[in-house]
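The next part holds the structures, each set out as structure tokens.
The following pair of complexes shares a single chain, subunit A, combined with subunit B in the former and subunit C in the latter.
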Partner chain A sequence: MAAPAPAQHREAEEEAEEMAGVVKLISAEGFEFFVDKKAAMVSNTLRNMLTSPGGFAETREGEVRFPEISTAILEKICQYFYWSLHYSSGKETAEFPIEPEITLELMMAANYLDT
Partner chain B sequence: MAAVSGSSDGGSETRLVDRCIDAAARGPATVDAWRRQRRSLERLPGQLADALLQRLAARRLLSPSLLEVFRHSVEEIDLSGNIAVDAEWLAYLGSFRYLRVLKLADCKNVNNSAVWALSGMSTLKELVLSRCSRISDAGIKHIVSIDSLEKLHLSETGLTDNGVTLISALQNLDLLDLGGIHMTDKTLRSLQVLTRLEHLDIWGSEITNEGASVLKAFTRLSFLNVSWTHVTRLPPLPNLQHLNMSNCTIHSIRDGDSEVNVPLEKFTVCAASFGNIFEVFSSIQGSSLLYLDMSGCSLSNLHIFEKMKHIEHLDLSFSRITDAAIQHVANIGMNLRHLSLKNTGITSQAPCILAGTVPNLSSLSLAYTEIDDSALAYISMMPSLRVIDLSHTSIKGFTCVEVNSEKIPSMPPLEHLMYLESLNLEDTALSDEVIPPLASFRAIKYLYLKSDFLSDPALHALSSASNLTHLGFCGNILSDSGLLQFVPPAKLRVLDLSGCWILTGDAVSTFCKHHPVIEVTHELWQELQPNSGGTSQVHKSRQLPKAKTEAVNRQAGPSRLSGIFFVDERIKYSREELMELQHLTELNSVMHGVHLPPELWRMG
Partner chain C sequence: PSNLSTVRPSPPRFGSTDPAPPPRLACGLPPVAVASPASPDPPPQRSALGRVASMYIRVKRHKSTYFIQCDPTETILNIKQKLESIIDHPPNNQRLILLATNNVLNDSKTLADQKVENDTIVALTLRKDNNEFEEVSIANPDDFMSSS
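Now for the complex of A and B:
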């Protein structure tokens, strides 16, 4: 399985610009998650942001802020991106674990991200 | 957003939003994990809250106290058919801040005092209380205080004229369903003030022509159902699109001097009789009509169709028409999508006339007619067909030019129908040797076979039907070894073996173990797994002809199963257990029932 662990980098802006196909997601608390563009595209909202030509500032800078999504939830979302990439392709199936305590918050984030 | 749909297929394409809703509503323990997250619950967008509540209701996890946590988020609730809903539930629902739609159809424990809690709700736009039989005039007093109501469904409640009169206070109504209420002309007159009405349902009322003349006050009316009434004449209704006058005697649908034709799109006149049928149909704007249901009308000739060039759906079942009338159907065949000639006097001559004139026809029923194998060649010339019903006909699967001459198989021409998905051949005289060609129909997904002459080889021939998902092989002479040697096609999911009376429970059970993905229906199999909460099986067993049931009984008698065999499911379970089964059924149908797209249902 592709490593779902989204590396948490700080002070890595210069690096990020060089890494084609990587996008930075920033949580409400300011934590930054680097994920492959391919993974971020699992979200239709991000897909629209990243593919609409010149429209969004996010497209140019390769970073998206989520003032409403907490770090824990955003991390779970990133895990889901990679999980989805892995399991939507093949016949293989597995359950994506969702802890009951976070269902409401995750539901709202997923709804916003249209995924 | 289409983010949240009511059902989830559990496949890899399920969205994260649906997974969350599913996880949140897994059981009482998971509900406890989030029900106190007050801030999150208050922020929950309406459509998410609605979907979560719906899922909780489907899984019977909802209680009045849990309802309370949705007070600030939910906008639409459908608790139809939930018999737990009573005054306590409504007390909570009455306090919902943003509730727009409340559907409580068939909630038998909702009574007059329970709806008191809804009085004065200021956001409610739609309220459904259809078939809540304990609602009567006293309950309406509370409901008419909800000024914001735009849609109100009260069909088959205990309302009388006195209660209906009160409804005139709800001046914002655009939809009013009073079906099955014995309302008089005088009461209908009191509703004249509801000038915004677009949809009015008063089937089964005491309305006569005198009352019907009041309808012209409703200038916006686009839907009207006056079936099962004494109405024979309607005033001109310039915006009427859907009209149901089933079981009426119809003299005019545009009474008076008006020259403006009615722009009807959908005209349902089941079992109606006509004064001057030409006059009635000439007052319809010919180009507007798309849907015409004349089942059960006794029609002699069909000149009335002349202008109706755009009809897509035409139901002439039980109408006694004969081949002579079919030319009129052929004349308007260009846009036909659905045609039912079920239970009419037609013969194979009818498909012969229709062939080549119905390029877009996708569903055709010729059930219960005299057609025979010679019709199949003509049917194969209707290129868009997806669903064909040939049950209860004289089809045998082969034609004989002369007595004792060689048999020519009649099925192969149907192979030309590249979209054919569903074929019903139940209760025809098919024999084993005519089945193999069916397996090579490329698109066939649903196949129904039932004949006194079909046995093991017929089932085996279908192993190669590559797209078959649903096979009805009912009432045939299928043996245990025949079933066990059957290699099911890869995509088969449903196998209905009801009435295959030679089969033993052991054989069916062994087959099911070998093929766990296939949902098998058989009288003896369901006995063996009483906890499966099977969906349609209970009903099926009741439909079994009595003689066959007895045959099954004798079959089971000497076997080891005799001790646990019941024909009547109701004896085996207590009332409570049955209630639980009922819930399971609903849950199953939500979660993993095999859903047929509507167009593939067996045509009724």
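Now for the complex of A and C:
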């Protein structure tokens, strides 16, 4: 299951090329979330899927299904991707709000996505 | 659930490992004067790369949600052009509606003008064959719970 680790020192341009575009993430209920590839790569699991040579079949199509992740959780995760992109520079910060009732499910999904 | 103990209690910090945070506005763009009468040039669409756009909005229709990165100074038309690259419908055939107020968003105005902020939900409707726009329709996940 473990994908080969992505090369750590890739040419910057090549990396930029790979970061472009949009991927579709599909929840358990079949809801679709279109996010920038760059955002999806906040998740190491997704990064591996999207960058490993040869690739996973579904990621060549630009979509990944998550039959285990409910729509509400997947949306929260996508919001987190963007929150992380914006605040990863560390210069400024803001709270990422998490409702208590979804905490457990969100943590399990985050663990799976390695994010 | 014994593996829960391995779950980190809070989101990991990202700041430390980031090699070189991209300088904001590295290209030296002058700050855009929001009040300029005829907005000269909309910000070029390079937000996907280079620097991080300052916010995103969530555009929803049926069971789809599009996360669109943008800046408050961009116009609705800019947003529709970004959407076009994903959904293949030209801006002309798109209508965006601020869900909170039900206001139809005006192509020539900016996001800031119309109180569209970070993480805002905007409904998308498309032009139908009879040239009218469809009603707002956003599916609710609860209606799709597996009934097993």
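In the analysis below, the second predicted complex is superposed on the first by the 94 of 115 C-alpha atoms of A that agree within 3 Å, B and C clash if a C-alpha of one lies under 4 Å from a C-alpha of the other, contacts with A are read in each partner's own complex, and residues count from 1 in each chain.
Everything that follows uses one rule, which is that contacts are C-beta pairs under 8 Å (C-beta built on N, C-alpha and C of every residue); 3 or more make two chains touch, one makes a residue touch a chain.
On a predicted model such as this, the values are computed, not experimentally measured, just so you know.
In the superposition on chain A, contact of A:45 is made with neither subunit B nor subunit C. With both structures placed on the common chain, the touch criterion links A:30 to subunit C but leaves subunit B unconnected.
By the document's definition of touching, both partners, subunit B and subunit C, reach A:87. Once chain A of one complex is fitted onto chain A of the other, the partner contacts of A:75 are limited to subunit C, with no touch recorded for subunit B.
Look at A:111: by the touch rule set out above, it reaches both subunit B and subunit C. In the superposed model, A:101 lies in contact with subunit B only, and not with subunit C.
Put subunit B and subunit C next to each other and count what each touches on subunit A; the higher total goes to C.
Counting contacts as defined above, subunit A residues 80, 84, 87-88, 96, 104, 107-108, 110-111 meet subunit B in one complex and subunit C in the other. Residue ranges of subunit A in contact with subunit B, taken from their complex: 77, 80, 84, 87-88, 93, 96, 98-101, 103-108, 110-111, 114-115.
Across the complex, subunit A is touched by residues 1, 3-4, 11-13, 15-17, 19-21, 23-24, 26, 29-31, 33-34, 37, 40-41, 43-45, 48, 52 of subunit B. Those residues of subunit A that touch subunit C in the complex are listed here as 16, 19-20, 22, 27-36, 38-39, 70-72, 75, 78-80, 82, 84-91, 96, 104, 107-108, 110-111.
By the touch criterion stated above, subunit C contacts subunit A in their complex at residues 3-4, 6-8, 11, 13-16, 18, 21-22, 48-49, 52, 54-56, 58, 63-67, 69, 85-86, 119, 139, 141, 144-146.
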